[in-house]
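Here the chain labels run A, B and C in written order, and each chain numbers its own residues starting at 1.
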């Protein structure tokens, strides 16, 4: 066989290559190609249609001069930090409580997770209704006798982003809980036994032993939540449409509006490139830790 | 003075009875091994003694104190686990001292204990390392050290050597024995490995199905197993069992199986020979003599060798007695070849007879 | 020979029989239990409240909504809002209700699920068992693509679809869903096929089976559970999508989520909250149904996608 020469490299594993054509096309054309295309066109003055008339960093200067964009960034920062911290905290707390060999564990888990099955649009609309100042939570508390009670986040520019946060947490913490619970269940039971023999209180075991052991789960969850935060769009559109005024604008909405409503492609490309940049800042260190580290161990 | 007393302990998970009214008394300084196949309840019993599992009924005493409702940390025990269960993000020193710090012991006392434990176990050079950087054997030493620093009377071991390879297992086995001789603590040790049990134990409790089958010194269990299960579980290679009939009369009992008739007049019956009943005759391969030595034995048989398994110093030769498989352990220099006809002999005094129905010793 | 059991019993007799015996006493109302169940119930309230409000509101008439508070159960149950939401409510010029969006979503979801899973399972199989040079590089790009904000790729895909003549059509959206579902699904299938015993694959090769033969006859029959997980993942994901629907389709073929948003957030006319909530519930019904029926598999689906990455 070998004497007759190796078969042409291109035709080795041919079926596998043919089968992989969709993946290759998606990876190269859409993901890599599309990303590069957008980044390149973010340096042009494209308006209604994309055109290759380079204007340097003009689009970015205009972007950062836009109050709408600044508000979007502020919002996503507030939402992001709160959402990260709270969903990790609540998710971990709920998982730890469910991990206590309690009764009705399945019922509780089902209740905590079902919002995750719902779309952001549904989530946003429900909470828009619950937080409606005229009929919702505020009016109910007022009708109970506390007449000066005020809680109308969706109509108050100062706190509207927290109204969205409440809905976002409602939808997403179930997932975090689930991941945390899976992580906890993956921990060797004998560690718990050893800690009990050593007389470590339960909460201390969680904080000093279990959490450090769950580091990989935390990192994965963090990346997952973070990539979800950057994409925050449907929820805002459904719950507030960016209002009141432009108080609850977010970057993803800025991109969509620039591209498809305001015929300002260059701005959309620049804004989406900024989003990409943020994600890379998070993603590259993580990929390095996750995969670079693994290689070292292997 | 008993160190650990288990009195009428039962444990049910729902309707499943895992432990059935167990009674054990462990003397101070005794090394007790709980031995049995997986699922027999041995680890469960150990967890009950440690207080990691609640008993459904019964009492547990440690050092004369009723600890049935006490927390594990207050029972005066240390425990070593199969998976080592070291805290991965702490150094060896941190692992050893964590429980003590938590109990708010003075710092110099903690240091003293850690120093002593690491000396005994020879892990001083490892103190600053993390468990990840240790070999399996080193990790298990650290795990033993964590029990040691607790300065307690009773050590519990839950299959501590099962995660190690064969060579390390033998080394650590000797080390545990040495540790026991030096510390003279009470030790309760769970294993499914009968060699570990035989070599380490002062007494062995053989368990099956949540019941203690036999609790006795290793030699007594080896020589006089109370039933067929214990007989088969202890000893390697395993005991030969021949199914047949107790026959004869007038104080001249015989055991018949196929064409073989074995004179069991010298066998020590528990309650006299049950003539006419079905029985199982058990004899260990190492108690069978061949050649010259066989002739002088009370029972003599002719045997054709069918299979030969060399095992190094000894060879296991397989033949048939009464039409049933029968193995003989022979020194390798005297090993027969396949097809040889040899004389085999044994002494019924060293054999065991079990009732065919109840499997109990008769 | 003494019987060790009776000896043990005899010695143990010296210890008192009274005192603690059996399981530790447990108080049902210990501080610990109050904390655990109290916290859990509090959160359960937070999670269930919106669902309850949705259901209650959708069963009330508008006068009752204006009078009472949103938490009180309906005095007079009416299904009119549901009927109206399904078949009468208007978006733009169309007044045939949310049923249009529902059927659009069905026509989008079914082919998208089939196409995306077919592509991804073959991809995963190729990556697991027939790795060729460079395959891992493409796979890495693919996985990175899962984290890239969609916004970056929105417009290039508009151009691609326009060139293919699919922009604004159902099939265009199907293609988009297949593309964006590919990273996670490929990962899912690759991990699953890698976890199958390699001997199986080798034995089949020795028996002379080829790429497609092994896939169809050996791998497919063994991977029913992972297909179910993938289906759950895709049905909920695609049904719940809003962004791609609004970008790549026209009002006539808008999926249910987009139509729902247009109905509820339309600025014209009097707000009919009961109809809005009925419409919202209707839209959430399909994923909720999938969730409650699939149970543990749903959890496994999201965990498989998330943790193994």
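A few comments on the model shown:
Note that contacts are C-beta pairs under 8 Å (C-beta built on N, C-alpha and C of every residue); 3 or more make two chains touch, one makes a residue touch a chain.
Just so it is clear, the model here is predicted, and its values are computed rather than measured.
With centres computed from Cα atoms alone, the innermost chain of the structure is C.
The greater number of contacting C-beta pairs, out of the two interfaces A-B and A-C, is seen for A-C. If you average the CA atoms of subunit B and of subunit C, the two centres end up 52 Å from each other. If you average the Cα atoms of subunit A and of subunit B, the two centres end up 56 Å apart. Centre-to-centre separation of subunit A and subunit C, using mean CA positions: 16 Å. Partner subunit B is touched in their complex by these residues of subunit C: 4-5, 7-9, 11-12, 15-17, 19-25. Remark: subunit B residues 2, 5, 7, 23-25, 54-59, 61, 64, 66, 68-69, 203, 212, 215-216 touch subunit C in the complex. By the touch rule above, subunit A contacts subunit C in their complex via residues 9, 12-13, 15-17, 19-20, 22-24, 26-35, 37-39, 50, 90, 93-94, 97-98, 100, 102, 108-122, 125-130, 132, 135-137, 139-140, 143, 170, 174-175, 178-179, 182-183, 217, 220-221, 223-224, 227, 230-231, 233-234, 237-238, 241, 251-252, 255-256, 259-260, 265, 268-269, 271-273, 275-276, 279, 283, 287. Against subunit B, in their complex, subunit A makes its touches with residues 188, 190-191, 193-200, 204, 208-209, 212-213. Residues 36-37, 39-40, 43-44, 46-51, 53-54, 57, 65-66, 69-71, 119, 122-123, 125-127, 130-133, 135, 138-139, 141-142, 144-145, 147-157, 159-160, 178-179, 182, 186, 210-212, 236, 239-243, 246-247, 257-258, 260-261, 264-265, 273, 276-277, 280, 283-284, 287-288, 290-292, 295, 298-299, 302-303, 306-307, 309 of subunit C touch subunit A in their complex.
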